[in-house]
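Next up: the structures, one after another.
Two complexes are shown next, each including subunit A; its partner changes from subunit B in the first to subunit C in the second.
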Partner chain A sequence: MTKKLYLIVAIVLVSSMLMSACGVPAVAPAPAEPVAEQAAPAVAEPAPAEPAAVAEAGKIKIGMISAFTGLFSGFGEMQKQGAVLALEEANYMAGGKQIVLIMEDDQLDNEQAITKSKKLVEQDKIDILTGMVSGDEGLAVADYMKDKNIPVIPMYSASEDITMREFHPMIVRTTWTGAQSMDVFGYWLAKEKGWKKIYQIGEDYSFPWNQSGGFMRGFCRGGGEEVFSVWSPPGSTSDFSSMIASIPLDEGYDAVLYNGGGGDAVNFVKQFVELGYDKKITLIGQSNTFEKPDLDALPVDIIGSYSPHHTADDLNTPEWNAFKEAFNKRWGRNPSAASEFAYSSMRVILRAIDAVNGDVSDKAALVDAMLKVDMTDDPRGPVSLDPTFHSAIENVYIREVAKAEDGTLYNKGIWTVKNVSQFGPYDPETYLKQPIDGNTYPPQKCSDFPPVMLDAENVYEFVEFGK
Partner chain B sequence: MELKYIILILNGLTQSAILFVLGSGLTLAFGLMRVVNLSHGAFYMLGGYLGWSVVKATGNWPLALLVGGLSIALLGFLFEKTMLGRVRGNDLPETLLTVALSMIIADVCLVFWARTAITLNVPQYLNPTITILGVTYPGFRYLMMVISILIAVSLWFILYKTNLGKAVRAGVDDRETVSALGININKIYTSVFMLSGLLAGLAGVLGGSYLQLSPGGDTTILTLSLVVIIVGGMGSLLGAVISSLILGQIMSFGLAFAPQYSYFLIFIPMALVLALRPQGLFGRQI
Partner chain C sequence: MSRFRINPVKVTFYVIAAIFLILLPYYVSQYTVTTFIRIIYFGFLSLSMGFLIGQGGMISLTQTAFFGLSGYIIGIFGVERGLMFPWPDLMAIGAVAIMAFLFGMIAMGTHRIVFLMITLAFGQVCWAFAAQNTTILRGWSGIRGIRPFVIYGINFNEYQNFYWASLILFALGIFILWRISKSPFGLALNGIRENPRRMAAIGYPVYWIRVVAFLIAAVYAGLGGILAAYNTGIIMPTTIQLSRTIWVLLTVILGGASFFFGPIVGTFVAVWLDVLISGVTERYNLVLGVVFLIIVLFSPTGIIGIFDQMRNDKKFNSIINFFSPKKEKPNS
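Then we have the complex of A and B:
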């Protein structure tokens, strides 16, 4: 009998360790999703059989790793749909070659992400690697890929160091960093709304740290005083009501910033409303808090809540409308930022392959071609790429949650700031001298900030949304 | 300030409610059958998802609770009759079989239900905002506490006041003698496994309404329910009550005061119990 007891204890310990591995909620021994191998309609033969025969076979293989299960499965799913749409529009062809997409589920686990990258690199002999949802996932994969001479195009993964302190020349991120949108947001709240104190509750890992870092820099630069922060590991609990009950209502905080996304955000926001806190203090979110598809699960009481992102659901440009319509037609739902980012990244990949006429043997030339792709017709607004750090310079939209005619919630744009880089208004050199964003940096009190961070040379220009 | 502590305690009790419904099902099956059902978390998830579909189709939450519970009871029945019964008494095949079932269920859920987090909509009449002495708290959470108390009382009644319960308790002590007395122990095994499934299904609907259901969530739930029965003592109903009460408060206060470590805090009582009293607080020496 004791044997059995030990067996159980072992199982509990192993699964709990797996779940807490590296601060990212692995979904433990969750069911491995059967490898979704999406080849061009007619060809679906398994990859391993052909040994690096890419050139002869005339096919280009793109590997895509993402979290299709787990806490952020919503983002993973949206990402997949965006990428597949871009491929289908190109008919799985680019530069005269057939494109094969090989998808792998890493279950939002860093170890799994590396194992799957390894499989894609060594077994499938991919030419390009893309995907990645969470910040940690992206950092882990980028680190593994460092010496593989294969272009890595992170889609939704936004830890800034992938294109900053950990940058290597095979990385091209056409999407965003955590701080990019939040710096604008924090600045706007302090400068335009006149808010002084924010109470932040965040998920304890790299992406929210980076979002918080951007937010604090912007908020303090704009004249704020304090961003008090509480952190809890993502996925470690689904009952936040005790953290909510601990929010002080009498200490002059202007708002609560929930710095988390996915399943955690759904729980947090629901409980915030259920405990009646929406009537006591303003709730604002980070970029993912109110994103689709999770927004559909949120209560209508949060109408009016602000968040920043690089997309807004009511963008009214020909590019966005065309994308939205195509996405709706293919998948029967409206696109989210994650699907737009995936669509846009995949389009850059395809256009670069076109530009090199399908010859992907020279990887450096391929990366160069990606950097030169014209992204002015991107659905989310014009994007250009920074030639030094291979990161995006693009619009940031301040949005508020609104209710559509059919009763569903969406993110309505209110202000636009154009051409924001990953360094925000700072000059790259100064920015890179600062410590990496974490759960203890930047300091919670603006008075403890290094003066150089409170005084940037560039100032954002807020343009009314849609103008 | 006291207001905060009252809410923390209430949160702890809500957590306890769900932990108890989960843990009691698992402990019951283990006490009698000596089977650690590692698909308990998957049962929870499937029950929740079925309930979600019912709510979506009919908007009737009580019906969802019923369907979620009963369908998992039926699944438990079929699984016990056709598979688990065949390998009875062999620890390893029993355990592996339940692991396999949990993987199959989790994959089936991926096929039929959304891959995103979903929540069962609780109708307003079941979730009024209740304010007692200045404490505002969601009515559904009170309802969960009431439901779990009702379940605890019914389980106690079944175990201590009915013939089935007598046979179950006798079976826990000495299986051979019970079968020698002319009681069909196999039937009892099946009933208990069904009951355990019923509880997991109910917990799934409750948990899916109060929190959410998401792919992969089954393993978290399984871990939590194992912690409940290890602390409480495997096979002990009272143990499940007490340990879920303790763990609920630890989770609630942990989140308020040390959110970064809250997940690990629940393993502290488990480690202490294993070191000092390996059979669990109310478990018997085994």
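Then we have the complex of A and C:
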């Protein structure tokens, strides 16, 4: 009786196979060749036909993975807009070749990020992979891409190990690491403001750990005493009232550092203000806490809150103004750090393709070209790349939340520190000997720090913003 | 006698399907094969859930936790402790079996909505533990760098080899589960699904039959978890979060929960929908939801249910009869 059912299922199966085979025209016309090739026992290297096929098509494919939905969709969206703007300015052309951008959403799920990377690598046969918003996303994708011989350019993903302990030569990060700006921030708060004790509430994953690590190192080096930390998984709750209520007001903490971004930061900061804590204790943030577009959703009571980043909304350089105007014209909103980072990363990619005259078959040469790209005209300030770890050396701005004439909030720069590397003032060798930043390292008390992390020579020179 | 009767249409179907699946890496792109690997490991998971729903009438929301548990064991012992094949894999299956047995002993005292709630609670506890434990399970970041092994000179990092291994495992798994569901044990389970009290009155150990069924299903979820961990190279809390559980439940119902092959068909459709739609729109879940609604509206018994209805449709039968070879009616 069930034979008809089987017949139908067989027909469906066959037609779906045909459909899936047709979906990949690159393979369909020559079925004989792959058979011969793969029948040979275990060819270890990736199919050599790939670069040739791409060259024939005359297009260069750039894959972009990002969290366009989920907790950090605001950053994902900003990132997309920045990247698209850079491509449109170049008219989707570089090195005489047409550029194709293929975007995939990973819903801020690392497993999805890997699945989508597989899709981009195996089906779309991309030449360059970029994107990535969260720290873990970048680590997961970098791990998967280790043996794929495709350049990976993380945009907003800032876990330092991508360009440190898990670095591989195909990675070029023209943006930042979590500790980079926070080290400066912590040092500034302890040294210049004279703060001694900080109460930190953080999202429990790699990027905030890295931000916290940088903050604690800077804070303790500058003369601070303690950074007490409380952690909760990202996106696990929208009710922070119990966490806020347990902030001790009488134990001499100078400020509360909220170490989180995106939807969590909006919820936390709103409830912090609703419960009246903004009147009782100072609130400071990590790099993302007061970032756009989430800043628009925050109450005005947080004016004056400090945070560090590599951009500031009132940068008054010709490069930033030109970028801001172009971004505003195209998308009808002001750019954020995420969009600037995406814009600048995409520009590096395009300029590198120009430098190799559109021949992207030699990936090592392409990476070399990226490292040599001149980034002195970057909107956020001059950027140079470290040739060993392929990471950025750039300005850090200390900012405070301010109110613009039209009533909207923005991040006003107050101090600039130039040429900060991902290792801060430390020597790379010493730095890499330390454990990976986590929720138990560095220690909460500055007196428990290894001495070598406390007596590094100060290289930060605080320049008044805009000078 | 009737047991060994050969049905030519059925045999042809199996042979065609087997040839298609075995030769798959030769005539489709690498990504299509990768997608089939995904269908296989999610197939294990939905088979696990579908077996409990279809054969035992138990809607368990814990299966994803077993899926993740085996992945975590592979991550902890394979990557961080550096044990060689087959130890992490055997430990993973062992751990899943022990967990399922212990939890089954607790949960099987309950029925229906209470059972649903207790399995939901257990799944959520596992998820919360995985998300918050940063010392062993690495919290939100998860464990990275899981790679398949090289066994007897066969490198399972090659996607073709990994696909064939998964396929063999899946075919074996389906066959064994099929035999189980047709065995006296499976029939007893069906009886419990229909009326546990009557089965108890007849003298069946209802409680223990359900515990064993739960254990079998958990092992299937665990097998899927092992393949998933090797294939994605990462294990993290989002693997076992509630939305994943709901997605699996959805694929089971989409395919047809009351049919043995329903979960596999459902997974096949849902995964391919994801692949085809994700490049076009970000609203994958919306499209999947609409497809789900449409299918459930027209056929409450899922996709296989549609074919089942067609089989009883006269006009459709005449078309099918035209193609299928004439055969004497089997004496049933």
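Before moving on, here are some points about what is shown:
Throughout what follows, the second predicted complex is superposed on the first by the 414 of 467 C-alpha atoms of A that agree within 3 Å, B and C clash if a C-alpha of one lies under 4 Å from a C-alpha of the other, contacts with A are read in each partner's own complex, and residues count from 1 in each chain.
Everything below uses one rule, namely that a contact is a pair of C-beta atoms (placed from the backbone, for glycine too) under 8 Å apart; a residue touches a chain by one contact, two chains touch by 3 or more.
Values in this document were obtained by computation on a predicted structure and should not be read as measured data.
When the shared chain is aligned, subunit B comes close enough to touch A:Ala245, but subunit C does not. Of the two partner chains placed by the overlay, only subunit B lies in contact with A:Asn267; subunit C stays clear of it.
In the superposed pair of complexes, A:Lys119 makes contact with subunit C only, with no contact to subunit B.
By the touch criterion defined above, A:Ile102 reaches subunit C but does not reach subunit B. Touch criterion met: A:Glu77 reaches subunit B, while subunit C stays clear of it. Shared-chain residue A:Pro234: touches subunit C; no touch with subunit B.
In the superposition on chain A, contact of A:Pro293 is made with subunit B only, not with subunit C.
By the touch criterion defined above, A:Ile153 reaches neither subunit B nor subunit C.
Shared-chain residue A:Gly276: touches subunit B; no touch with subunit C. Overlaid on A, the two complexes show subunit B and subunit C touching the same residues of subunit A, namely 1-5, 7-9, 16, 20, 27, 31, 68-69, 204, 233, 236, 439.
Remark: subunit C residues 7, 9-10, 12-13, 16-17, 20, 24-32, 34-35, 38, 128, 131-132, 134-135, 139-142, 144-145, 154-155, 158, 160-161, 232-234, 236-239, 265, 272, 275, 278-279, 282, 284, 304, 307-308, 310-311, 317, 320, 323-324, 332 touch subunit A in the complex.
The residues of subunit A lying in touch with subunit C in their complex are 1-10, 13-14, 16-17, 20-21, 23-24, 26-27, 31, 34-35, 38-39, 42, 44, 68-69, 102, 104-105, 109-112, 114-116, 118-119, 122-123, 136, 139-140, 143-144, 204-206, 233-234, 236, 438-440. Subunit B makes touch with subunit A in their complex at residues 4, 7-8, 11-12, 14-15, 34, 36, 38, 91, 95, 103, 106-107, 110, 114-119, 127, 129, 136-138, 140, 210-212, 214-220, 222-223, 226-227, 230, 234, 251-257, 259-260, 262-264, 267, 270, 274, 278, 286. Residues 1-5, 7-9, 11-12, 15-16, 19-20, 27-31, 33, 68-71, 73-74, 76-77, 107, 204, 230-233, 235-243, 245-246, 262-263, 266-267, 270, 274-276, 293-294, 297, 439 of subunit A are the ones touching subunit B in the complex.
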